[in-house]
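After this come two complexes, each holding chain A, first together with chain B and then together with chain C.
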Partner chain A sequence: MKRHLTVEDLARDGRFVRVNMEDRMNDPRNVGGPGAYGRDAAEQAGEGGRAGRVGLGRMVPDAPNAPDAARSLMHGIFVGEIQALEGAGRTCYDFDLGDGADQVPYALKLDMARQCWDEARHCEISVKLTEWMGTEIGEFTESPFLFQAACNPDALLRLAGVNRALEGLAIDVFNTMRDFGDKAGDPVLEFCEDWMLADEVTHVKMGSDWMRKLTVNDPERRARALEFQSVVDKLFSLGGGRSDDEDSPIRLARRFRQMAGFTDSEIDEIAEVSRQARNEAEDRVAARRAAMAAAAGSSPPAS
Partner chain B sequence: MPDPKKPRPPFSPWDRRELPGSFTVEETARRVGNYKWVEMRLFEALGGWVATVPELDVKMRLGTHCYKHAWHSELWHKRLPELREMNPDRLTLPPNDAMVEFMEALTAPEGEDKTLEKLVGVYRVLIPHKIAAYTYHLNNTSTITDAPTIRSLNFALGDEFEDWRDGEMLIQSMIENDEDVRRAADRQAELESIMVRAGGITGPGSIGTEEVPNTVEANA
Partner chain C sequence: MGKVTVTPEEFSLVFFEADRIAAVTAEIAAKVGIEPDVQVEIEEASPLGRLRVRSVEPIELWAQGGALEDPRRPRYLSERHLAQSLGRLLFRVKDRLNPDFADAPQDDDLTLQQQNIWDIYCLGRLERAGYDAAKSRWLYHFRTRQGFSDVSDAAFDRLWAADGLTWADLESVRTELAEARSAA
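Moving on to the complex of A and B:
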C-alpha cells in the first residue's frame, strides 16, 4: 500500500456526490442568496434580516427553512467525520517512527489511532442523526476539504490544519448545533452533539500538545505550522459566519477552545480572521444580489 | 462473627494458581516484543486502509479496530520494561523474515475493489493466528509470576475474538457468488502459506510444539 494519498484516492460508494470547495462556497444557499438556508423571513425577502445583515444570520429554529439548514449542516458534519476518520488513519500509516521531520513519535500514532476510533463513532452518530432528521446519505454534496488538509506531507502541518483548525471549527459547529437542538426542542440532537463536542475538545488538545512537543526546539517549524493553521482557519471561517457575535451562524466556543489548549490571543486572532472573511463575504453577496437584480431588470434590494 | 486472628491459608481453596510456567523472563520478553511489532503493523495498516475502502460499514469498523490494536501494542510496549527490557524498541521486532514478508503481503492490496482481500488477510489469517499465539501463551505461562502478561493477554484476546467476529461477518456479507468464494479462498491460501513459513506470529513454537516422545526411548 502506497503512502501519502491524494483527495482523488478517497474511496466512496455510489451515493456520495463530490464537489470542490469553490463550488460549495459559491452555492447561494450557503452564502446567503435568496432562499439561503436558515435565514429569517425578512432576510430572505432581501430586506436585510436580523441586525441589518444580509445572508449571515444565525440559524434559528423558527426560520421557514431551518429544517433544511439543519439537515444540510448535519450532512456536512457527517462527511466531515468520514474524512477526519480517514485522515487520522492515514497519519497512522504514512510515517515511519522517529524524530525526523518526515517521521512521527510512537505516541503520536497512538493518539491518531484513538482519534480513528472516535471519528468512527462520530460517523455512526452522525449517520443516525441524519436519518433522525430525515436525510439520506448523498442528499447533499461532499467537499473533501478536511482530507485535503490531512494530505500534507508534514505530520505537524496535518495536526495544525486538521486537529487545530478544522477540529477547532468542529468545536464551534457542535456547540452551535447543540444549542440549536436545545432551542428546537430536539433532545436527541442536543445529546449527540454534546458527546461529540467532548471528543472534539480532546482532539484539538492532542493537536495543541503535539504542536508544542514537536516544535519545542524548532521555532521555524512551529511558525510554518501556525501559518498553515491560519490559512486553513481563514479558508474555513465559513464566509465570516463564525464569530463572537450573538447572531453569528457559528459562534466561537471560547471556553471549549481554551480547554483544548488555545490561548486567548489565538482565539482573538481567529475572530479577527473571521471578521475579515465576513466583510469579504458580504461584498460577494451584495455583488451577487446586484447581478441577479440586474438580470431580472429591477433595482437591487437594499443591503 | 469470624475470628480475625484465626489462621487462613495464603491461597484460598478455590484458588488453584500454580508457580510453574513454560516461559523464562527472556522468552516472555521476546514474545511480547513480537506481539508489539505485529500489533503496530496491523493498526497502521487498518488506519491506512480506511480511506481506500468505499464500503461505509467496513470503513467505520476498520477505524474502530485500528484503535484496539494500537492499544494492544501500547500494552506490550509498557510490559517490555517490566521484563528487564529497558529499551522497548530493541525487542519490537518480527520473529523472522517470513513474518516481514507476511505483513508486506497482507498490506499490499490497495485499490477500492480489494476490500475482500484486505478483510480476508486480517480476519481469516492474521487474527486467528494472533488468537492462537495469545491463547498458547495464556495457557502456558506461570499464573502467579506472569500475572501482568496474563491480564494483558486477556484484554487483547477479548478484543481479538470480538473483532474476528466483526470481520468474519463482513466477509460473509461480501461473498455473493462462486467467484467471490474463490477470491477469498485464494487470498487466504496465499497468506496462510507465508504464515506457515513464519511459524506463527512469534515464529516456530508460536503455539508450542507437538513432539510425541519416541515410544521405544520412552520405555527404555
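Moving on to the complex of A and C:
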C-alpha cells in the first residue's frame, strides 16, 4: 500500500466539493463566506465591537445569520473530522518503527490508533448532528487544510501541525459551539460538542506529550516543530477570527488548552499570532474596499 | 406579469447573471400572483444573506449577495437559494399588499422572531408552488429563534402548512411561542 498520500489521493463521493485556501483568500468581497458568522459592522460597532469586520462577528444565537453560520461551521467540523481520521490513520502507517528521524515509536502509533477510533466516532456524531441541524452532507464546501498539515514527511511536524495547532483550534471551536448550543437552548448541539471537546483535549495532550518526548535531546528539532505549529496556527486562525477578544467568532479556550498541555506563554503566543492575522485580514479588506472605491470613482465605503 | 429589473446589470465581484435572476424572479412572481413591476437590488460585495422588502408600491426588493450564493461554489449563483430568498420576499410582498397585514411593521422594524415566523409561512407556500424550500434547514432556524420544544415544532408545522393567514395570526403564534419559552 502506498505511503504518504496527497490530498488528491483521498476518496470522496460526488457530494463533496473542495475549495482551497487560495480561492478563499482571493475572494474580492469582504471577509467571511456564505452564511458566515453573525453581525455586520454596524451591529458590532453598536455592541462595542470593532467596526469594519463584516461577516466576522461573535457567534451568538440572536445574530441575524446565526443558524446558517452554525450549520456552515458544523459542516466544516464534520469534514475536518474525516480528514483527522485519515491523517491519524496515515501516521499509523506511513512510518517504520524506531527512534530515527523518519521513524516513530510503537506507543505513538498506538496513540494515533486510539485517535482514529475517536475521530471515527466524531464522524458518526457529526453526520447525525448535521442531519439534526438540517444540513445535507456536502451542502457546504470542504477545505482540505487539516489533511494538508497531516501530509508532512516528518511525523513530529505532523503532530505539531495537526495535534497541537489544528486540534487546538478544534478545542476553541468546540468550546465556542458548545456555548452557542447552550445559549440557543439546543441540547443536542451542546452535548455533542461537549463530548467531542473532551476527546480533542486528549488529542492535543498527545501532541504536547510526544513533542516533548521526541525532542528531549534535540532542541533544534523541537524549535522546527514549534515554528511549523506557529505557521499553521496563524494560517488557520480564521483570519484572526479565533482570538482572546470578546467579539471574536471563536474564543481562545484557555482553560481547555491548559488541560491539553499548553503553557500560559504558549497560549499567549497563539493569541498574539491570531491578533496579527486579524490585523492583516482587516488590512486586506481595507485595501479591497479602497480598490473597489477607486474602480467606482468614489471614496471607500465606511467601515 | 410586470417587468423585473435587477441592479446591478453586470456583477464584478461575483459570477451572477442579472438576466437569470430576473427570469427566476419573474417566474416566481407569476406563481405568487404579483402583477406590478419588481425591482431587485443585489449588494454583491456582501457574502452575508440579509433580505428586505424595501417598498411594495413600487415593489423594491433588496438582498445581500450571500443570500443567492451557492455554498458549494463561493461567488456563484445558486438557483435553489435564489428561489428561496426572492420567493420569500415575493410572498411577503403579496402579504403586505393584503389589508390583513396592514399592522405589520416595516422590514427594518421586524424582530428576529417576527421575521422568522413570517419566513416559515412564506416558505411553506413557496414549497407548494413547486420550489425546493429546504424544510429541514428552516426547521433549525425556527428552533434557534423560537425554542427547541414540542410547542415550537408544532407551530412550525402549522405555519408551514398554512395559507390565508393574517398578521394577527402570525402575532398570535409569536405570543404562544414566547409564553412557551417563558414557561420553560
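We take it that the second predicted complex is superposed on the first by the 261 of 303 C-alpha atoms of A that agree within 3 Å, B and C clash if a C-alpha of one lies under 4 Å from a C-alpha of the other, contacts with A are read in each partner's own complex, and residues count from 1 in each chain.
In this section, a contact is a pair of C-beta atoms (placed from the backbone, for glycine too) under 8 Å apart; a residue touches a chain by one contact, two chains touch by 3 or more.
Owing to the predicted nature of the structure, the values given are computational and were not obtained by experimental measurement.
Colleague: Where does A:112 make contact in the superposed view: on chain B (first), on chain C (second), on both, or on neither?
Modeller: first
Colleague: Going by the contact rule set out at the top, does A:226 touch chain B (first), chain C (second), both, or neither?
Modeller: A:226 sits against neither chain B nor chain C.
Colleague: For A:187, using the defined touch cut-off, is the partner it touches chain B, chain C, both, or neither? Pick first, second, both or neither.
Modeller: second
Colleague: After superposition on the shared chain, which partner residues are touched by A:267: those of chain B (first), chain C (second), both, or neither?
Modeller: Neither partner.
Colleague: Tell me the contact category for A:12 with respect to chain B and chain C: first, second, both or neither.
Modeller: Touch partner of A:12: chain B, not chain C.
Colleague: Contacts for A:60 in the overlay, against chain B (first) and chain C (second): which applies, first, second, both or neither?
Modeller: Once the two structures are laid over each other on A, A:60 reaches no partner at all.
Colleague: After the superposition on A, what does A:290 contact: first (chain B), second (chain C), both or neither?
Modeller: In the superposed model, A:290 contacts neither chain B nor chain C.
Colleague: Which partner does A:147 contact after superposing on A: first (chain B), second (chain C), both, neither?
Modeller: first
Colleague: State whether A:2 touches chain B only (first), chain C only (second), both chains, or neither.
Modeller: After superposition on chain A, A:2 lies in contact with chain B alone.
Colleague: Touching chain B and also chain C: which chain A residues?
Modeller: Touching chain B and chain C on chain A: no residues.
Colleague: Quick check: in the complex, which residue numbers of chain C touch chain A?
Modeller: Per the stated touch rule, the residues are 12-14, 44-50, 65-66, 69-75, 112, 134-141, 143-145, 147-148, 184.
Colleague: Report the residues of chain A in contact with chain B in the complex, numbered from low to high.
Modeller: Going through chain A, the ones touching chain B are 1-3, 5, 9-13, 82, 85-94, 106, 109-110, 112-114, 116-117, 119-121, 123-124, 127, 137, 147.
Colleague: Could you list, by residue number, the parts of chain B that touch chain A in their complex?
Modeller: For this pair, the touching residues of chain B are 40, 43-56, 59-64, 66-71, 73-74, 77, 107-110, 112.
Colleague: If we count contacts the way the header does, which residues on chain A are in touch with chain C in the complex?
Modeller: Residues 17, 19, 23-24, 27-30, 32-36, 40, 54-55, 61-62, 64-68, 70-72, 131-135, 138-141, 184-187, 292, 295, 301 of chain A touch chain C in their complex.
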